[in-house]
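Working notes, structure below.
Chain lettering (A, B, C, D, E and F) follows the sequence in which the chains are written, and residue indices restart at 1 in each chain.
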Amino acid sequence: MDNITKTIEINHSYILDRIREKIGIDLLEFDHPYDMLTIVINRERIIDLLLFLKNDDVLKFDFLTDICGIHYPQNEGKEIGVIYHLHSLINNIRLRIKTFASAEDPKFLTVTPVFLAANWMERETYDFYGAIFEGHPDLRRILNMDEMHYFPMRKEYPLQDATRTDKPDKYFGR
Amino acid sequence: MNETIQSIPLNYYIVLSSALFCIGILGVLVKRNAIIMFMSIELMLNAVNLLLVAFSAYSQNPAGQTFVFFIMIIAAVEVAVGLAILVMIFRNVHSIDIEKLQNLKW
Amino acid sequence: MLSTYLIVKIVIILVLFLVTLGMAAYSTYGERKVAAFLQDRLGPNRAGPFGLLQPLADGVKMFMKEEIIPNTSDKAIFILGPSIFMVTALLTSAVIPWGPDIHIDGQAYPLQVADINIALLYLFGIVSLGVYGIMLGGWASNNKYSLLGAVRASSQMISYELAMGLSIVGILMYTGSLSLRDIVAQQQGFHWNVFYQPVGFVIFLICAFAEANRAPFDLAECETELIGGFHTEYSSMKLGLFLFAEYIHMFVSSAVIACLFFGGYDFPFIDKLGLSPNVFAVVGVVILFAKIIFFIFFFMWVRWTIPRFRYDQLMKLGWQILIPLGLANIFITGGWLTLKNYLNW
Amino acid sequence: MQQELTNQTNISAGNLPADQKEKLQVQDYNTLNLGPTHPATHGIFQNVLKIDGEKILDAEPTIGYIHRAFEKIAENRAFYQVTVLTDRLNYCSSPINNMGWHMTVEKLLGVKTTKRVDYMRVIIMELSRIADHLICNSVLGVDTGALTGFTYVFQLREKIYDIFEEVCGARLTTNIGRIGGMERDFTSKFWSLLKEFMDEFPKVFKEFDLLFTRNRIFIDRTKNVGGISAERALSYGFTGPNLRAAGVDYDVRVMNPYSSYEDFEFDVPVGDTGDCYDRYLVRNEELRQSYNIIKQAMENMPEGRHYVDVPEFYLPPKQDVYTKMEPLIWHFKIIMGEWPVPVGEVYHPVEGANGELGFYLVSDGGRQAYRLHFRRPCFIYYQAYPELIKGGMLSDAIVTMSSLNVIAGELDA
Amino acid sequence: MILTTFYILSAIAIVCALMVVLSKNPVHSVLYLVTCFFAFSGHYILMNAQFLAVVNIIVYAGAIMVLFLFVVMMLNLNKQNQLDKSNVARLASVIGAGALLLIIVASVKSAELDILGVTQLGELGTVQAIGKELFSTYLLPFEISSVLLFSAIVGAILLGKKEI
Amino acid sequence: MYRSLTAKRKNVSAGQRELTFMERMYLPAILKGMKITIGHLFKKKVSLNYPEVKREFSDFYRGMHVLKRDENGAENCTACGMCALACPAEAITIDAAERKPGEEHLYREEKYAAKYEINMLRCIYCGLCEEACPKDAIYLTERIVPAYYKRKDFIYGKDILVEDINNRVDITKRKQPIKKA
């Protein structure tokens, strides 16, 4: 099984080395929580990195598993994060990439040109966290209604709006 | 049925047909909607048909009815092609107003 | 003499009308029951024993329901649509010979509303008018799904009328008559046309399915795509008329199939039993109805078995397969008849 | 010259009054709202189709009609309460979602489940995969117009739901299993029901197969409809049967085995063209494979307890809670969520009925997840829908939708 | 009785024909025309031309008018698309058509039509009679008409196609 | 096509034969299908005549709740609030009260639920309350919550939830079997 030999060859440090060596992206952090390589990079370099990872003959991270946002209100200047999960089907290895931006300027680059799947996932992230993906073909809210004026998954918004009156507690068992 | 001829003079049919024919002409003249005009033409054709059948019946000559048969064929042909042209015009110009279809080139 | 004649005719018309409605009503029940049984279900069984009063309950429900006419619809045409559909469906049964002649006072009365010598053409004329009901109903609803359904229905019916006509030409050449009565009479003694015109029969059967808007040709109402097709916006008895007319269509189509291809009221060796004319007539009617019920069941059976066509496939089947097949059938029949003439068989 | 040409080509538009000029731009197509409550959407989502006659020029999906903010709710609920949220993702196969979530938490805690638990889970998961695929394929039949096959296999699904009911007490929103194992051992009634199902499945499924697989009308309706190439499918993030139908044999059960899937012998069916018929064939084959997996699991079911010791999450036996002090304290702590969980982030994929169902869990050590993201396969591949149906007929759109098995609950979360 | 039938049918025909021209909605026009054709068929039956009566219904009501209806529906010509000429033009056309009617009626009045001295309607209108006529005397035109129909089919399909 | 990822790959699309001429004529599949459907005409029907015949629920069916009493008829619930806490739908509302002397036959412990309400519209019948209960008090049963016209009718108080003392609800089957130590 050549898959196995390859996974031995392509381990986490190899991926890191290769990324550094080939395109010299400045990896801010990396870690291996639960055996998945997690790297943090600058938000400007995400397209370069994804393009490289997708097209690289050895790594072949050709499957974008997931994009999701995250909000760390206490991390000043890096409140809004966007997390990409990549999967190299051939090598059967997964990779997590994180980028961060401040809440005031949550601008990221879209990866829709690299992976078509990113379209809606980025819209969802925008919908929930307000992360703005520059260059996105159609950055609108997707799950919430268009009239919504805030980004509900940010931590400052509680689960339930205490001020609403249309659903009295009496009828909802609270 | 054989009493038809005795009770209805041929003139009646001629007047009826010409009236219908004139209504057809009226439609063609009044309307700007190409489809209605087309329908008026059908009406005129039918008026002629009626007259032909009447003549055929009153003269005991089957030729008239055969002509009607051929007119029907021609009407069908005309409608098929004519409506196809109309649809195509509508696709290009988005109107079937004949006033808008004046220019031959578009 | 004339008065008895008139009375008999009126009785026949009335009975026929009631029987048609009754057959249609019980076809709805039958449809539900057959569908249920084919699908391991029980079907309607609440109203009356075995749910036999279900058509009545349905009718009452249809009448009691709120009458909704969409605001944006063309109201007159909206009402006209189902009416035309119903009337044309009912009209077709006029020319079908329901049984052998009945003898009263030594006088023979045909069990038929009108024996006109162009019965087949008449059938075609009426059937081709049925399109109006669907088209107008669908258009007047002012609903895109209805309109799509109407467009589908009309193009389908027009296309399949052609093939249907061609399939019958074979029979015409064979029997040399346009009168259904003659055609049935010629088939007496187990000379059923289906043995001489099998291809014509298959084409006619398929076209009958299409004309009655039954699966696999039920594109016009196609609940998964067009919600209800042309009757999406209809409710109450107007919907009832549409649905009812469909079953009447089915009933009449079955009757026409039985008359054209299965000898009408003929049954093998029935003429050898030496029954008295009136008993013979009754038996004939029963036999015809047995055939009709079988074909109605067949309609239902097919509907609950196979998927439906797509619009373009339907057109392709109609224009590229059935019409050439019908033409070939005419050719072969013509050649055969000429050969027969030539050899003086 | 150039100007002249454009003048000439625009001459018809130039002659028209202003309001008709606008019409010219929009009237080349008609819009049709497919949904939100269209019978073929099998849920609530909308597609605004631009159609020309029956031909589809473009489509614009709008989703979110049943968005319930699961991810936000999950941030405010204890881990064991999230299971009921996962029920409502892909409600045709909720046990897979439940188990996936349990396994995610177990992964976070570093718990290794026993073979017995794994096998029990495999049986439940494959049953629910069968239920889901049966529904998808038979609804494909319904959407092509044949209802009867649907009713035949629906009986099988009812049997599966009876089995679920025997395990957990509910049929649709199962909330089956617990973090660390199953809530109770399989009963003897369960085994007899399962055996009955296993006996009946091949017979009924064969009938279903005969009704559709070689039926030309069905093939005409589904073949070369809604096809997608492997490259496009990968780029669109297709997973599961839909990706496999396009020719990529990616199956989480094989690539990243969880719950002892490596013990089982099964094939990964793939198609060639990724059209509706291939999706149908792949799902049918997966049904057989799932059936085989269940068979193997039944044969090789190890002895042992139906749960492992996860003192943080698995409730102590009720009898002890009522009578003993220590289990009672545990019980309280578990319900209150006072056990610390590790800080960290974990991504756990399972092969849901529709594809890779991923749980991305970020834990800050508290009672609740800091962030829980569901990778919902439907949500990701549904964005390819406009491309799949473009240029097809209206009927193709319906068939494609049902063969993609888009489930609104999973789509909107 | 026959005469009454004639009057009723004629009244229907003329009223419906007028309504074809006068009604605002093209769909209504189509329906009126269909009714008009039914009146025509009634006339044919009066004159013992059953074949033509049925063919009239099949061809005109069942096919041609359905085609019209089809096109009207497809093009979605609603009331707002209803187009009429200016009042002057309308008046002129009414006068013109009326004048034409007058002339025809006047000329018919003076014409002597007694030359057609037939008093009995034969079996002219049956299928057999027409068929015999068609396949003997008018065989060539009949065959040519099939060519005409064929070319019409081809032409309509070619025209109807979006891109050739 | 895409490179194979596993050895378990099995192409089902290529395995399908081309349609034979007969199959292209639609008929064999239709006839086969009709044979199957007609076969079902005579099979045993699976649907039940619902109000008269009811399907058997499993022993663990999660339906309407019941608040149990102990063998003396005293309410088990001690208003600890575990069920309300565990409820993911927040359907349970509890107000606790102290048991007064002389009420021992009514309430088993010193504390009891003065108000115990479950909003059946919110309830998702997940069974977590039953699992969370440390006092053997709340159980889901195989009874089904009926439909009402008003929202407030769905809020079940103690009058409905607590089992009738003369008409006990049997939940022995759903209790966990006692483990042998």
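Here is the rule we go by: a residue touches a chain if its C-beta (ideal position, glycine included) is under 8 Å from a C-beta of that chain, and two chains touch if they have at least 3 such contacts.
What you are looking at is a predicted structure, and each value in this text was computed from that prediction instead of being measured.
Set against one another, D-F and B-E show the most C-beta pairs in contact at B-E. With centres computed from Cα atoms alone, the innermost chain of the structure is D.
Taking each chain's centre as the mean of its C-alpha atoms, chain B lies 73 Å from chain F. As a whole-number value, the distance joining the C-alpha centres of chain A and chain D reads 22 Å. Taking each chain's centre as the mean of its C-alpha atoms, chain C lies 50 Å from chain F.
Per-chain CA centroids place chain B at a distance of 33 Å from chain C.
Contact of a single residue of chain C with at least two other chains is seen at positions 38-41, 151, 304-306. Touching of two or more other chains is recorded for residues 95 of chain B. For chain F, residues touching at least two other chains, in rising order: 5, 29-30, 33, 36-37, 40, 46, 89.
Contact residues of chain F toward chain C in the complex are 29-30, 33-34, 36-38, 40-41, 43-47, 49.
Across the complex, chain E is touched by residues 1-8, 10-16, 18-27, 29-33, 35-36, 38-40, 42-43, 46, 49-50, 53-60, 62-63, 65-66, 68-70, 72-77, 79-81, 83-88, 90-91, 95-97, 99 of chain B.
Those residues of chain D that touch chain A in the complex are listed here as 63-64, 67, 69, 71-73, 75-76, 107-108, 232, 234-237, 248, 250, 255-256, 344-347, 349, 356, 358, 360, 362, 371, 373, 375, 379-384, 412-413.
Chain contact summary for the complex, chain C toward chain F: residues 34, 36-42, 45, 301-302, 304-306.
Against chain D, the residues of chain C that register as touching in their complex are 35, 38-41, 144-145, 148, 151-152, 215-216, 218-219, 222-227, 304-313.
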